[in-house]
């Protein structure tokens, strides 16, 4: 038995660990550090219809136990992702989750239609929550009806299951989750970054050229845990959790809160080996906790051991 | 590519300026001047790594040297480390200065500003070894923060300028170059952007290599934090961390 | 000239530094460390109509660069605050801002009416954003109309200016701010804590007995800065900023974002002397920045030196 | 009340158990066994302070000793500190064990569980000095984590129990008390809540002092993190940090 194997809509994962979108590019850089086939999946960088340069620099700033970023969805556009990046990734035995972004429903739909046909794309992640672009992005992520409409439109054209990535910058995350579940989402990924800012004391100017940016890293972990805890009790689709994970213990905490798999973002920057290290450590942590299979952890923080989402 | 390197020495050499000597097997991978390491100064310290240039590479001794300014949280913490402590080093990263751009007997002009001076040291060493004649121009804010003048002087004619005139010539590195009518086959520079821009504008038709700084996330090309624009394109870009930090003048928009 | 003196509705402050509500009790403990008269003001612990025991323990948990708390508004009730705590505080030359909480509009109104008559209470802080109580609390803090109605009702009975304390757990903080400004709020205080959670990896149980709690400390600073930056440009009443302040430099950053004074919460637990130390350090930081008066910092992050709120 | 105290020694004395000796003028304020300090282990480490009991107070030498278990982030970081380093100490805090509850010739029973053992050491020292006869019962999980048995033995009859029976008697401290029919005028205890509850239930009519643990914010009584209920009241409370950590059995709800 593989104690780490996890079944999710569209995804047969050898383990529940995947790099988070935007924190791993298209994998080329990390492939110099380790064999990408060890990963459960890879969430590739947000893809839009056309190539985008993104925001001016500085694009990152450090904060206590966190970082702000305002990359602005820089990417080479969906066709180059399909023609150059995905075929390159196909050499690895790892399912790809394609992060889809756009400024209009039509753009989302078109990107989803095209990229969902790539053979190694096993699921889409609808990025309705990027705080760093003017149009679209976060608007889709804060109004339940708008998110639902977008989900429905993308579901219609996608060849693979659709996960919706929720923004934490909302009053009622449960309402957002329910709306996209109702609209046909196959799963949720959460959380994206919290909108934040730093101002340089010397210059009195915001450090980021874009002024505000998305806060990620350990600082946001308690917020992610709380939101996953709330949402997992309110929906019956699985959740891929993220937000500040650095260790195998953190992974367990996310599962306890209600996640069925997790993604690692910022921690890749601090240690490029963090994903394989966590994959290596997880069985030992399960041993210490006397838990047979990682899936048994899902929702333990509230269900005391009942089964929740457990694949098909 | 990642190692807990051992601190051999960590001593102050000018106001807020420290010279850090590290030992470890990573040194065997370090070859090119202008490359940098991405350093996590403490497990429980600031979250992100800090990019710092290689200043001196000594493969026989398995040691390398880095010079840094203790300024913010990370570098201040680094300055408190003692010999025997370790630091978590990722590297060497990036593409450094092209030493092969010159052959024996040709002339190189090395221009450094402030904390941009360190990588020129290993560069000077390698160029001189190759038989290249080097001239060095170092610019600093003020006398207190001048370092390594004599070290550079052992490689070639070395000029120092300070902005406030408290040491060497008063003014900027470009003033020194004009005043002494310094000429070269290749110019290599590292320092603040205004200095790099001035040099690129000054010598538009010559071979100029510039080392850039940008705030970094990953340091390895994955996060797109550190991009700069390429001339005449809306979407083309280069990453300072993995395509640079050294670029040919004109290759990227400064 | 006192470079740190600040004039706000109801408050003539010798300096803009005050301990935040709930992090300083009623001052008695910190009075053993220093003379409370050095403070700009004191925001006392939330007061309700009746005495409250609050939540079961554990009530606090540590997080990366932050802490969660779920005290649950423990307090001796408004009458004992008026009869025992405020008279004791009257020995110090320091204005008191009374934090008012409740489960119903009527309770808020009654507490406000009574406590605003105490001679050393110079302003009220309406706590519409406490995440740790079941009824009331956060509900008032997330719906603009509800917050506005409460503000109006309290304004009617209060003998002193009313500041409304905003919750960061909302999609649109500007809408909240505008609503309470419109309803007559004299100022804003922000931010209260972000709703978060931690789960113990060994026991699979939430660490806090209340399960969720409010996240405070340096971790939330970039979120506070962003919200103050947004709100200060949208309203014309002054803001008392808070959220992770630890140093005089942090204070400047909050002013740049748009604050006219600041409060220090969690940092008091780490260093009981933090408030007097910041008051001591501020003039030196102003010197380094070549700024004459602290008020000139307000809004510099967006107004490049124009005057914003500058007292009366 | 707050001082950067100097580490004189920081040595491991059992599995994960460390004995830390600190020097500083704060020691002159430390008098009562059962009081604790609130310690910030590192500037850039975990945010909150850690409450740790005084184990030994030596005012002549201006030194105090603390025994702690390296468990989570803070105590692990503390265990890596070296002599000569400093730690930021706030204290002494709280109300300790009442030594004056007994007079010369009377009998005290001291019961400690695991990491609750340390404060009993200073208590035993002060009681013995006063002429009180002390009997000590120490409970541990397993042999590896037993410490200070001989030290306590120098003050009075000392019994050890381990849960797994790997050392001393197998079982709990209450088993030891029953087995040896230990009697006392005053019982003092520190350890896990189940142990304290068992002792309180066992001796409802005797003078029993219990030292409690609770997660803390401020450590000085301001934040209301550490309250416990008082019997027969809906709103009455005591704060472990400032009213305790030592309470008389019955004073608070366990």
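For clarity, chains are labelled A, B, C and D in written order, and residue numbers in each chain start from 1.
Everything that follows uses one rule, which is that a residue touches a chain if its C-beta (ideal position, glycine included) is under 8 Å from a C-beta of that chain, and two chains touch if they have at least 3 such contacts.
These are the chains along with the protein names UniProt gives them: A, C = Dihydroorotate dehydrogenase; B, D = Dihydroorotate dehydrogenase B (NAD(+)), electron transfer subunit.
Remember, it's a predicted structure, so these values are computed and weren't measured experimentally.
**Student:** Using the touch definition from the top, list the chains contacting both subunit B and subunit D.
**Tutor:** Looking at subunit D and subunit B together, no chain touches each of them.
**Student:** Report the inter-chain centroid distance for subunit A (Dihydroorotate dehydrogenase) and subunit D in whole angstrom, where each centroid is the mean of the CA atoms.
**Tutor:** Distance between chain centres: 46 Å.
**Student:** Quick check: how many Å separate the C-alpha centres of subunit A (Dihydroorotate dehydrogenase) and subunit B?
**Tutor:** Chain centres of subunit A (Dihydroorotate dehydrogenase) and subunit B, defined by C-alpha means, are spaced 36 Å apart.
**Student:** For subunit A (Dihydroorotate dehydrogenase), which residues are shared contacts with two or more other chains?
**Tutor:** 63, 65-66, 217-218
**Student:** What are the residues of subunit D that contact at least two other chains?
**Tutor:** Where subunit D meets two or more other chains at a single residue, that happens at 46.
**Student:** What pattern do the touching chains form: line, ring, star, complete or other?
**Tutor:** The chain contacts form a single closed ring, each chain touching exactly two others.
**Student:** Would you mind giving me the full set of chain pairs in touch?
**Tutor:** Touching chain pairs, listed by label, are A-B, A-C, B-D, C-D.
**Student:** Where on subunit C (Dihydroorotate dehydrogenase) does subunit D make contact in their complex?
**Tutor:** Of all residues in subunit C (Dihydroorotate dehydrogenase), those touching subunit D are 22-25, 28-30, 32-33, 45, 51-54, 57-63, 65-67, 69, 71, 74, 76, 217-218, 266, 268-273.
**Student:** Can you tell me which positions in subunit A (Dihydroorotate dehydrogenase) touch subunit C (Dihydroorotate dehydrogenase) when the two form their complex?
**Tutor:** Touch list, subunit A (Dihydroorotate dehydrogenase) to subunit C (Dihydroorotate dehydrogenase): 63-66, 68, 142, 169-172, 194-199, 201-202, 204-206, 211-212, 215, 217-223, 225-226, 229, 244, 249, 252-253, 256-257, 285, 289, 297, 300-301, 304.
**Student:** In the complex of these two chains, what residues of subunit D are touching subunit B?
**Tutor:** It comes out as residues 42, 44-46, 73, 77.
**Student:** Given the complex with subunit A (Dihydroorotate dehydrogenase), which residues does subunit B contribute to the contact?
**Tutor:** That would be residues 1-2, 40, 46-49, 90, 214-229, 234-235, 237, 242 of subunit B.
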